[in-house]
């Protein structure tokens, strides 16, 4: 039995998907990304709620991370219940049926010939 | 009832608003930013105290983060009680009436044709 | 006797070694890197398990961090039991015989004339 | 009485001062930096021990952070007991007489026309 390491609740407050991209797709496409690792044996049922400055939260965005697997979820790619609009501040609350670890990354290629990356551990709630 | 996740005290020690910007405003304006997410139902009354290397702290900078909302606060934009000067090291202590989550980000466009971003979780005090 | 500070379990979920490099080697070679610090007197026996989206985990990758030493391990350089392929999402679980501290860094020189770096503390499991 | 927030022990494992700089000094000089915030009223007496891959640790590097002040310490600038050499992996252990908060930042201008920044919270030991 593999142990499920991490937390069931994670918060990322600094979302903002860059508005444009330069360079070859998909390698240089701008993105915001949640990087999830489920070290346990059982599937993680994950739900995401997305928060905005000026409207009610949207969600849940539901997906699974299988046991003993990672999943890198590009926030740009979520469409159900609705896409996250580009260039707009947002945050998200992740809840999982089993403990996992969540990192937040951004690739920003808005400026031609430049490449910016960020990486931050999410806030582990409980 | 939505649960207010996070802490009431956050510390960021690495502030330094870049002195100049290149590129179109406001998209490429240099900034230091606090990204706050209040998952609870009630408003968060937030107070910021700004620390410097060589003078007494300045504050409080007061603002609110409504319940179930995010707010990305550009430190460049704070003017009351006084603006934070550019290119000068500072840090800040955030206290909130309810638990929330605070991330710190910088966009630096001092160098023409270059783009630098950083992202770090704040230190969760209590 | 020096105290061994940190944790015996660390998780990094956001791995993805950049596919190409530009600039002089080895200074500008793209990499993903684990930065380990063992403040204690005794050696740390470290084991790494690497997780993927679509196959069973691979490992253990075993190495040592001597007492009172740091070791920066480029994930690109691991070959036993098998290399981590470039441009593919992965995560890793680190377990150590003694407490240590683990930071995760990336250098990305895929784009000629650009330089992107990221830095994030690992998730401290126990 | 202002409360001293944070920890007395911090660890940064991912040090490596970039070897060269491009652009105007001091604004674009490459650096590794510890950003310290002492929210308490009393001075913090700080001691740094620097760890390497292949030799005994060096230290203590001693300095103070006055009460209610920040201090951004460029690791490049430390000279007593000896300078940290450029382009060489290192880590550090910070101990303080009072609780404070420590963030680690890098500015890298090795590549002309490019700018890379990183930011990571230190590991809070105790």
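We call the chains A, B, C and D, going by the order they appear; numbering starts again at 1 in every chain.
Just so we're on the same page, a contact is a pair of C-beta atoms (placed from the backbone, for glycine too) under 8 Å apart; a residue touches a chain by one contact, two chains touch by 3 or more.
Note that this is a predicted model, so its numbers are computed, not measured.
Using mean Cα coordinates as chain centres, the one most removed from chain C is B. The angle of the rotation carrying chain B onto chain C, fitted on C-alpha atoms and rounded to the nearest 5, is 180°. Rounded to whole angstrom, the centroid-to-centroid distance between chain B and chain C, based on C-alpha atoms, equals 30 Å. In terms of their C-alpha centroids, the spacing between chain A and chain C amounts to 21 Å. Among the residues of chain B, those in touch with two or more other chains are 113-121. Those residues of chain B lying in contact with chain D across their complex are 9, 11-16, 19, 51-54, 56-57, 87, 89-91, 93, 104, 106, 108, 110-111, 113-123, 125-126. Those residues of chain A that touch chain C in the shared complex are 5-6, 23, 27-28, 33, 35-37, 39, 68-72, 100-103, 105, 113-121, 124.
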